[in-house]
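Pasting the structures in now, so scroll down.
There are two complexes below, and they share chain A, which is joined by chain B in the first and by chain C in the second.
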Partner chain A sequence: MSTLWTRNETLVALVIVAFCGLAALSDPGFLSVATLTDLLRGGIVLGIFAVGALIVLISGGIDVSFTAIAAVTMYVTAMVLNALMPWMPWWAALLIGMGIGACLGAINGFLIAVMGLPTLIVTLGTLSVFRGFMLTFIGQKQITTLPPGMREFGRMMIVRGENADGSFYSLHAAFLVTAGAIVLTWFILHRTMLGRQIFAIGGSVESARRIGINVRGVQFFVYVYVGALAGLAGIIHASMARVANPFDLVGLELSVIAAVVLGGARLAGGHGTLTGTVLGVALIVLVRNSLIVLGIPATWQSVAIGVLILIGTGLPAWQAKRAAAQAA
Partner chain B sequence: MKFLHSTEGRLAVIAAVVFLAMSALAPDRFLSVQNMTSMAFQFPEFAILALAMTVTMLTGGIDLSVVGIANLSAIIAATILTQVTGGGAGIVLIAFTAAIGVGVAAGLMNGILVANLGLPPILATLGSGLIFTGIAIALTGGSAVMGFPDATAWIGNSTVLGIPTPLILFGLLALGLSLLLTRTGFGVKLRMYGANPLAARFAAINIDATLIKVYVLSGALAAIAGMVVMSRANSAKADYGSSYLLLAVLIAVLGGVNPYGGYGKVIGVVLAVLTMQFLSSGLNMVGVSNFARELIWGSLLILVMIVNTWRASGRRT
Partner chain C sequence: MTTDLVTFDHVTKTYSGITALDSVGFSIAAGEAVCLAGENGSGKSTLIKILAGVEQPDRGVISIAGQPQDALNPRLSAAAGIKVIFQDFSLFPNLSVAENIAFSAELGHGTRLVHRARIADTARATLARIGVDIPLTAAVETLSVAHKQLVAICRALATEARLIIMDEPTTALTEREVRVLLDIIRRLKADGVAVLFVSHKLAEVLEVCEKVIVLRNGQKVAEGPAADFDAASLTRHMTGRDVAEAPPAPLRADAPELMRVEGLNKAGAFEDVSFTLHAGEVLGVSGLLGSGRTALAKALFGLVAPERGRITLDGRSVPLGDPLAAAGAGIGYVPEDRLTEGLFLTQSILQNISVGRLDAHGASGILDIGGLLAEARDWLKRLSVKAPDPDAPVRSLSGGNQQRVVLARWMARSPRVLVLNGPSVGVDVGSKAEIHGIIAGLSAQGLGVIVISDDLPEVLATCHRILVMKAGRLIEDIPSGQVSGTDLAHRLAS
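Entry: the complex of A and B
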């Protein structure tokens, strides 16, 4: 029992329940289908990013460049499809996005796995390289007319309905893509040898190497996979916003990592769960969307997220430190 | 050729090459007195942030909250300057002291999070940076604070004996930091901890106290940088200098500071700053956009890391 109560997942779930309870007290209209679909909608792009960030953290690295990969991917895909192959269906756009994202991720993978450079410094560098390259050589103007495939995808909904007060709610089909990404990542992490190897490398690179794991290969895969997920998220973001704005997305990376870390993933590697990540994303989306319902002005948003990060990571760190002191 | 085998020696050559290349690209404009003066006014603000980053990197940590601290302390100082009227130069002194106080307090918070609570520096300063920036936004509603007494402009815009004041300030801070790192027990302990935390613990170094001092120092330096930015911009805003974070990391790494801790010299950071400023001003003159500069900075960061890693692995084998 004691382990259940000290887990980050439980902590985050309790905070979410408390948040919703307080919000429902101050505004009875908060507990509605519309709020739920808003939250789910807000979690679509963030959720895909978070799954990618989780797998990197488990492998013992950190990636801050995925938002730039997403921005470049959505911009380039929209531009290329418009100019060369506007007949492409929506699923082809998603696949092309994943391909471009995977290529950009392979650059990170090469620098980290093959050259052996520190992950934070590399991805800080590629963040500005990808973004700078796009804004200098590809373009700075928004693409307001998306290719037909992406426009079609942007209009796809799973559920659509009307509230009692006459306002509309809907859930975008991209939610299924996020769910698919979560299931696929769960499968890789928990049902394949590769997943065990990712956890092993995150636990201890040296031990992993000595039991014969191809550390470089696994690391390379991780960054390519994250790139592909980021590309996917970029296409979805542009389709849902119905515009490809090259200045979007970058700046979100720290919130995403915050969500994943809140959910119990450790920077040192080797630890992290998808349940925790989903809960972490839910909490961050709640804070971003609904802080105002609690009577806290939206300007305090980043303070709230910062405090959550410090509490969410500080508590386990402090407990670990205390346990270590007792053991010694 | 021994000179070229040290990181600092290679950096000196790189700085000279960049300087010559830029002089060749735009001889009459780059070498003008006007350009030299404007460069000397421009770089101290992010150079001081780079010094703050260097101190934490020497312990194997990082301070992602430096820009947040700089902006928060600038906004506190700006609020004092605009709310209290008729104090003259005295009020400027009070405002600056308050700003440094904010920097020290912010650094103390980071230090406690890292040392006493055992948070990884990346997360501790990521979270606290969001909090500092968030408080700055909440205090101002996101808009700029302006309208300072004239004396405020002194620190960022005046010259002493023909030398820009921010440059003198940076020079003094760099010299002070260099002495602190090489000539005091604190400096030795700090680098020992960075090189091998476990060995430092067995050597009976008070690690918690050392780490707290490191982050307090970083916070104070960040606050001073915030004052220079505020004085030069003649305003304070929560999102000023957001690109300076990457730049500060880049300069520290370019300057030969080992991001895993243990090695780094202030002279290397100074040379790296000069290189960046020559590159930045020169490219500006040839008409290269800000975005291209972002691209070049990022590429340079990765390139330097590759070269340094190669050299390090070459020495081992």
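Entry: the complex of A and C
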């Protein structure tokens, strides 16, 4: 029982419930299907990013370059498809995006797994390089006419409806992609030996080496996988926004990592759950979308998110410290 | 005649001109337990690495089950059933007991998916094999050191194990946990598994061993049936000299009272602790792990805040739960775990000594670095720390020398009372005797010393008086001349 209460997941879930309760009190219309679909829509891209960030954190690393990978991927894909293969269907665009993302992730993987460089330094570097390279050599102009496949995907909805007050709500089909990414990642982490090796490396790299885990291979996989997810998120972002803006996405990376840490993943590696990650993303999207309902100005968003991170990660750490002091 | 499991024949290994192993030969038979004794730097670690296939010997032949191996590597060595349990156990703290035990076995199966039932079965079977019950789903980071070691043993057994090498197996265990370990070793031997203990603290495991091999400076200096060795002869072979552990010089009858502890109480740790300490007295506090000895040690230095009680030094009251005030009053504390609590590992030896004296040399507001470092150098000499370069990181020193650096830091502050928690944990026999010599020297200067330890020979060799701690209470106060080691062990555990 006591472990349930000290878990980040529980804490984050309680904060979400409290937040919704407060919002419902100040605006009875808050608890509606429209709020829910807005929330789910807001979590689509963030969710895919977060799943990637989670798997890196579990492996004991950190990746801040995924937003740049996503931005480069969406821009390059849109440009190439427009110029060469406008007939490509939407699902091919997603696959091409994953492919480009995986290739960029492989650069991280090479530097980290093969060269053995520190993950934060490498991904800080590639964050800058990927984005700078795109802006310098590929283009800075928004692509407002997306290839037909991406446009078609941008219009795909799984639910569409009208509220009692006449406003519309809808849920984008990309939500299913995010759900799929979560399920696939869960399967990899918990049902494959590869996933257990990712946890093992996050727990202790030296021990992993000693029992014969191919540490380099596993790390390489992690960064390629994260790259592929980031590429996917990039295509989805552009399709939903109906524009490929090269200045988008970069800057989100720390919010994403914050969401994952809020959900209980440890920066030191080896720990983290998908439930926690999903809750962390939900809370951050909720704060972004709905703080205004509570009558708090939008500029306070970042303050609120920062405070949530401090409380959400500080409280369990403080509890653990107190428990350790009791045991000493 | 059965063939030996492992034989070394004239094995030599040099590292950039320094001979780590010099023509060493020995053999281990199936089901045999062998002690490999030697001080730090004697070549023990090199020998383990060669057996594990991590290092290749320059000359000599290693045979496994009668087959000479010309190119052993970690995979071949493990496949031949040679399993090393490192001192740090090399476990995954974030994973469950079951996963830790079964991980190598699962890797060996080569399957891509997780077979949870098979993992649980493997873990349950190996735990049953050594007769231990640890919850399968518990995260390893929540286990005690003794249980972590058992998990590491189980992991070695989960794949075909014919020789288990245990590096420093008993350093972190209490006497009772060592008993459990020895019982497990007996079971393994009955199963035909050979065990090689590698340690500098071997007296405890002698009783389950058939054979003892002693290394010194890379050479085999003694080998024979375990029955021919005892703690004293082992020490003599390891150090090459007699390290006599004489009881301390008697305390002067007129020694004034220095420190008085009255009714110290900390819920869940210790209860109603009272004692006095005289100038020049060495007082032992001994108890099993969990008896509250460490919490008491920390409370004396203010690292744990007791709810009730009084500590007075020279008649003046010392505030509780305030390490700075305790240090100011003249109390020093040398923690049990030097590496995490006592030293700034990556900083230089001189910086580590001088950090306690920053205030004294910075009274004007500007730090007198020259004076500070000169003083530190002086202490380095006085405590005969063997440091080739005082600017080298303290991490590069051996355990015994690191402990001396921590002592030097406190000595520089000229304290009245020193609390030493496990003063010789993890240091080799020779250094241990020297640390005991330092303790005797401190007491001769009139300092009060409190030695907190469950190393009974150490307590007997250094202390004038021994307080026995059990379940948070001081239950006995024995002058050390009036009790033997076995008697004391019995009182602790009874």
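Brief remarks on what is shown
One rule holds for everything that comes next: the second predicted complex is superposed on the first by the 322 of 328 C-alpha atoms of A that agree within 3 Å, B and C clash if a C-alpha of one lies under 4 Å from a C-alpha of the other, contacts with A are read in each partner's own complex, and residues count from 1 in each chain.
Operating definition for what follows: a residue touches a chain if its C-beta (ideal position, glycine included) is under 8 Å from a C-beta of that chain, and two chains touch if they have at least 3 such contacts.
Just so it is clear, the structure is predicted and the values come from calculations on it, not from any experiment.
Placing chain B and chain C on a common chain A by superposition gives a clash between them.
Once the two complexes are laid over each other on the shared chain, residue contacts for A:Ile257 go to chain B alone; chain C is not touched. In the overlay built on the shared chain, the residue A:Thr313 is in contact with chain B alone; chain C does not reach it. When both complexes are overlaid on chain A, the residue A:Leu127 reaches chain B alone and has no touch with chain C. Judged by the touch definition given at the top, the superposed model places A:Glu206 against chain C, while chain B stays out of reach. After overlaying the two complexes on the shared chain, residue contacts for A:Thr192 are found with chain C alone; chain B is out of touch. When chain A is checked against chain B and against chain C, the one touching more of its residues turns out to be B. By the touch criterion defined above, A:Val183 lies against neither chain B nor chain C after alignment on the C-alpha atoms of chain A. By the touch criterion defined above, A:Gly270 lies against chain C but remains apart from chain B after alignment on the C-alpha atoms of chain A. On chain A, the patch touched by chain B and the patch touched by chain C do not overlap at any residue. Remark: chain B residues 62, 113, 117-120, 122-124, 126-135, 137-138, 141-142, 246, 249-250, 253, 259-260, 289, 291-299, 301-302, 305-306, 309, 313 touch chain A in the complex.
Chain contact summary for the complex, chain A toward chain B: residues 62, 111, 115-118, 120-122, 124-129, 131-133, 135-136, 140, 254, 257-258, 261, 267-268, 297, 299-307, 309-310, 313-314, 317-318, 320-321. Partner chain A is touched in their complex by these residues of chain C: 74-75, 78, 86, 90-95, 99, 103-104, 106-107, 111-114, 155, 268-269, 294-295, 298, 304.
Considering their complex, residues 190-196, 199-200, 202-204, 206-208, 210-213, 270-271, 326, 328 of chain A touch chain C.
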